[in-house]
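Input: one structure, supplied below.
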Amino acid sequence: MKIVLQHLTKIFPSRNKKSDEEVVAVSDFDFEIPDGKLIGLLGPSGCGKSTTLYMISGLQKPSSGKIFFGDDDVTELSTENRGIGLVFQNYALYPHMTVKQNILFPLQNLKGEDKMTKEQMLQRAYEAAKLVQIEQLLDRKPSELSGGQQQRVAIARALVKMPRVLLLDEPLSNLDARLRLQTREEIRRIQKETGITTVFVTHDQEEAMSISDMIVVMKAGVVQQIGQPQDVYDDPANLFVAKFLGTPPINVFDGHVKGGKLYVGEDAVLEIGGVADQEVAVGIRPEGFVLDDNGPLVCKPVNVEVMGRDVSVVSTHPASVNPLVRSIINADNRFDLGNESVRYTIKPHKIFIFSKDNEERLRFEVK
Amino acid sequence: MKKLVSILLVLVLALALTPAMAEGPAYDGSEVTITFYNTMGTNLTPVLEKYIASFQELYPNIKVNYTSVGSYDDVRDQIATEITVNGQPNIAYCYPDHVALYNLFKAVRTLDDFIDSTAEVTRADGTTEIMGLTAEQKADFIEGYYNEGLQFGDGKMYTMPFSKSTEVLYYNKTFFDENGLQVPTTWDEMDEVARKIIEIDPDSTPIGYDSESNWFITMTEQLKSDYTVAEDPYFLFNNETNRDFVKRFREWYQDGLLITYKLNGGYTSGRFVADSKKIYMTIGSSAGASHQTPAAKDGVAPFEVGITTIPQADPSNPRVISQGPSVCIFKKANAQEEAASWLFVKYLTTSVEFQAEFSIASGYVPVIKSVIDNPIYAEHLANAGGYGEHTTALSAKICLEQVDAYYTSPAFNGSSTARDQVGELLAKCFSIPDSEDVDAKILEYFEAAVKECVYSR
Amino acid sequence: MVESKQQWKAWLYLSPAIALLLVFTVWPIVNTVRMALLEDYSIAAASGGDRVFSLGIGNFVKVAQYQNFLTCLKNTALLCVATVPISTLLALLVAVALNSIKPLRKTLQTIFFLPYVTNSIAIGMVFAAMFNIVGSVGTRRPNIVTLGIINNVIEFFGGHYVNWINTGSSYWANMIVLIIYIVWNALPFKILILLGGLQSINKQYYEAAKVDSTPRWRVLWRITVPLLSPMIAYVVITGFIGGFKEYTSIVGIFGESLGPAHAPGRLNTMVGFIYEALEQYHQGRASAAALILFAIILVVTLINLQVSKKRVHY
Amino acid sequence: MSQQTLKVMQSRDLKRTTSKQNIGHTLGTVGIYAFLLFMALVVLFPFYWMVISSLKSLAEYRMSKPTFWPQTLLLSNYRDAFTTANLGRLFLNTAYVGIVSTLLSLFITIITAFAFARLDFKGKDLLFAALLGTMMIPGELFTITNYITVNSFGWTHTFTALIVPFLVSVFYIYLLRQNFLQIPNELYLAAKVDGTSDWKYLWKVMVPLALPTLISITILKMMGAWNSYIWPRLVANDDMHRLVTNGLRNAFKDTSGEVNYPVQMAAVALVSAPLFMVFIFLRKYIMAGVSRSGIKG
């Protein structure tokens, strides 16, 4: 089932009664989610990603725009009738019901021809439980489960009625790091197994990148970029997207283009074309640095973090927007902290420049 | 033939004259149901039931229901509410103040036309009676009780006395005899005796009085001073005579001779029967004799109870309060209900057997004099004594001895407030400390009480 | 929040309550207003037939002119201000303490339920037994039969007895007893409500507090109270409303004279005034006084609601 | 955390802290128990008084110096209470009125509180404020008007008159609304996603979660039926419909018409006993509460 969002906009009236200011939570969201894909809605908190999810679920009505499930306009359809599954950030399990009762609950609400017999329901509930591997917990109360287990119950409850669309609201945020890794794989597995079109919301770019077929990066209600995770990472549309994706994050410097040369501070790092002379923001991915004793970029090393396969060199640079510049280099390169300075050349496809005015990407040719 | 004509003539005349004589409707034997609100507990309802049954033998078509409605005040509140939807009972226990309230609704049936009616009604057993009271029946009522029905300012009869009590003086006869003390008949004598008692037993408070209100009102009667009248300006109790007796009794209280219910913080009877901090004389309801009788310890009563009339200001003009329920009949659209109610009221109030039995069961006294000749009641009175259960009969006996002394005070809208106010006033004035200007305070309190009464109207 | 266009659904849910309220609450209120605005209105006179009542504010004037009107107002306010915080605080402490113990917990909970099956007459009687002095005090020749348990305890610890409620007692002694009595009466209900509320607080907050080595009292003030605030707001607001309607407790201790024998009426309240007026069948006057009281309670409740809006965390 | 604080925390003598902590904890616990026991005593005293009063003779009850233990235990009061008043009938009437009015009242309270807590409609706040407002007028003022109303419906001397006028309690609606508001919004949203109607959500989720409050309301409402006096006396004081308190007030009088309190207390204790049993049974539901840990955060 593909989901089509047409000019989706959500405006909240101002909370403060005295001012008439309205809050635009989502602005003109236009997107088609292909059938059977896993889509990650990504952005910092308050960017409108949850609102978008809630509009897809029907829990919130768009101020304008339309939502289609397949070819059906569901904009006016209420949540109960949309046939979706939703996993809440805090799971929202019914505390007074056992796991089994929680999973059965959506089935018991089915009406008309969807109505099932008791045996069918139990069968389905058991299948759903098995899918998320909680079949041995069916008679427990939510309070007797660990966070990860609760999360699985929530997924089972969302899946049990075989929804047309599965929506996940920050599904991993309440889990510890290891569980998070494990669970996101699980979500991916389940999604692949069931083939249900799935939208999930997260503020964790790594999470989004690792399992999504496509990601949507949002900021302040406006979609910044849509694409496959690697494409968005390699080709960010603006400084915000560049900064938001990647760990460690991209290094940003003040720079300028002058006479076909890109300067980072006073260091001319690259010869480029297609960009007029101007002040720019320069973003360099950590993996874009190459140790080179004759490299144009000169930093002052502070610390070396060994990460096993890689080594992260932490240094300073006068033009850096952040206090520290972080590069990732192959561990084969021995690096001596005792040096006065460290010099890099930059991989041209790992460097992005952005307009100072609107932070839009400025594309250039490498000369 | 001539005879027949003359009989017819008499009949016609009688019929023609009936309206002029303002006779009440006669009961015609139709089926009616009447209700009777009272406050009887389960100790009394069997007696009532017995006499309802025997009444219904005479009038099988009159069905009598009774409802026991909590306290006297509960009866009043209940009826006052029911009147608003015309749902009042036919007959109810009442105190004069209650009737004054019902009169605001114009809901009470006056009884004069029934009392005077000479219409004959036939009973089920074939005998007849007249609707009204015969001269003998009328004369049989204890006058003071009967006149209570007439005190509503217009000279009309609103209530019939049902069962009565008064205040009597209980005294510790054993103590009085041992110390050669005279039982007081006047307030002056009481003063004297009390001062003697306090010397004999400094731990005691010689006199207890249960009802401040009764005391105040009785004193105005005994002193022939003004209390209230049933017309403007209604509240006359703020006068010098009254202030003076209040001041005098305040001295008693301050000297430790006297305690009242409110000032004592508890029943004075509790101290009358106690072993220490005793009260030797207490004035209370004649119906409460059992409370004034000490429980026997190991089969021996601690002391003998004496009962006598309350002290007087002027022995030649004795005055005691008339208490206890009367009954009133409410107006109803169906005149037959009113007539049947009257018949029932008449039956209960004039039945010697009922009055005797009810009085024995309740500790109240009968409202008709001839009960004394009733063998059962006579036997009851013969049992009168100062110990145990015999005190109840003794107090009844004392009541019956002072039938001429009963007074009643006017009942009108505001009379119940006046009653409450003078009671509070008495306690308030008694407790004025010596450090203050007693006369000025008394005057101030009297004025405030009158103001409160006027406000309540 | 789901934006529902189905207004009618809400009204459907509300309809039974609204229907019953219209008949048994709103209509009597309307009738109250009517009676208050008819000069010298009395149901007795009205149903007697012929009297016609003219419109006017005479009833309100009459209420204000009552010689003890200010006393009534003062007592009402004083009792409210004193009893609500005390009873709420005590109930909170009991509820929290009850929630924090293990042994004896069930037994104590049961004990705190017992007041519900205790007849109200018994409660009144106990107080007389505790504070009441029987006998005469403050006369030239005092003669005390018993000082009451409380005074016995005071004397046991070497103090001087206090004339709490009897002839010659001071206003403040009366007030203290009243406050104790009212607090005592209000406690079981408040404990029940707060105890119920406590059950819905997630234990994790307490665990978190323990990890942070938070002292007990701070846990109470910084965690329990805020999380319990909806229920606290409830008991405070209803407590104020109840406090303004205080009357029966005064009768319970001082009898119908509403004060010690030397100063009857000294402890009268607004509702006491209303009762008296009703008893004298001055329905107009009673209605006017009720509306005045209503206005006062309304203002206080609005203030309460405003405060709780800022302080209550849902 | 600065180096200094770290050092302070590390250098603490844990052993001494442990013993200090134990002492502090024990003292605190003792304090809590002392407080609770004292309050229990205070709260329990009237109940104790009710029981001992029911065992006193009338004379002892009227004594100036109240006794804290009856001089002679008069169990006959209980016999008298049982035989004089028609306790069986009174009890059945009261139980009937209590149960029916509690059930109906709970239903109305639940749906009304739900509307106020969960549904959006125009004028909600205003209506709620108005509802609260009705609590502020002394109910005594309503008595006569309501009596006239009930009478015009022809309800006098019926159980209906005892039940219907008091079905709506703003007091309880307000209480339950507060409770409903505490239930996390997510559960409602989750239920929506699960295809639940508002109605079903109310009964399947909110009501079970508010069970402690609902039981509190049940107790209060039942006790109301046990204690109500003025209204029942007014509208249904006949043998078929009389309730406990009315029956008891009338039944036990001494000769002078005064209430025989000891016997009355015995009767009260008798009729309260089953109620007490029910409460003991319900207690665990109130105390059990429903853990909210299905919700994180």
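Lettered A, B, C and D in written order, each chain numbered from 1.
We take it that a residue touches a chain if its C-beta (ideal position, glycine included) is under 8 Å from a C-beta of that chain, and two chains touch if they have at least 3 such contacts.
Since we're looking at a predicted model, the values are computed, not measured.
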{"item": "Both-way neighbours, i.e. chains that touch chain D and touch chain B", "value": "C"}
{"item": "Reference chain D; chain at largest CA-centroid distance", "value": "A"}
{"item": "Separation of chain A from chain D, taking each centre as the mean of its C-alpha atoms, in whole Å", "value": "52"}
{"item": "Rounded Å distance, chain A centre to chain C centre (Cα mean)", "value": "57"}
{"item": "Separation of chain B from chain C, taking each centre as the mean of its C-alpha atoms, in whole Å", "value": "39"}
{"item": "Chain centre separation in whole Å, for chain B relative to chain A (CA means)", "value": "93"}
{"item": "Where chain D touches two or more other chains at once, by residue number", "value": "64-65, 144, 189, 192, 209, 290-293, 295"}
{"item": "Where chain A touches two or more other chains at once, by residue number", "value": "59, 79"}
{"item": "Multi-chain contact sites of chain B, meaning residues that touch two or more partners", "value": "84, 264, 266, 270-271, 274, 277"}
{"item": "Chain B - residues contacting chain C, complex", "value": "80, 83-84, 101, 104-107, 203-205, 253-256, 259-260, 262-266, 270-271, 274, 277, 414, 417, 420, 424, 427-428, 430-434, 448, 451-452, 455-457"}
{"item": "For the chain B and chain D complex, residues of the former touching the latter", "value": "39-44, 67-72, 74, 77-78, 81-82, 84-85, 87, 165, 264, 266-267, 269-271, 273-274, 277, 285, 287-288, 290-291, 295, 361-363, 392"}
{"item": "Touching residues (chain side chain D, partner chain C) in the complex", "value": "28-29, 32-33, 35-37, 39-40, 42-47, 49-50, 53, 64-66, 108, 111-112, 114-115, 119-122, 124, 127, 129, 131-138, 140-142, 144-146, 149, 164-168, 170-171, 173-175, 178-179, 181-182, 185, 188-189, 192, 198, 209, 212-213, 215-216, 219-220, 223, 227, 261, 264-265, 268, 272-273, 275-276, 279-280, 283, 286-293, 295"}
{"item": "Contact set on chain D toward chain A in their complex", "value": "184, 186-187, 189-197, 200, 204-205, 208-209, 290-297"}
{"item": "Residue ranges of chain A in contact with chain D within the complex", "value": "57-59, 78-81, 83-86, 88-96, 105-106, 109-111, 141-143, 147, 150, 157-158, 161, 174"}
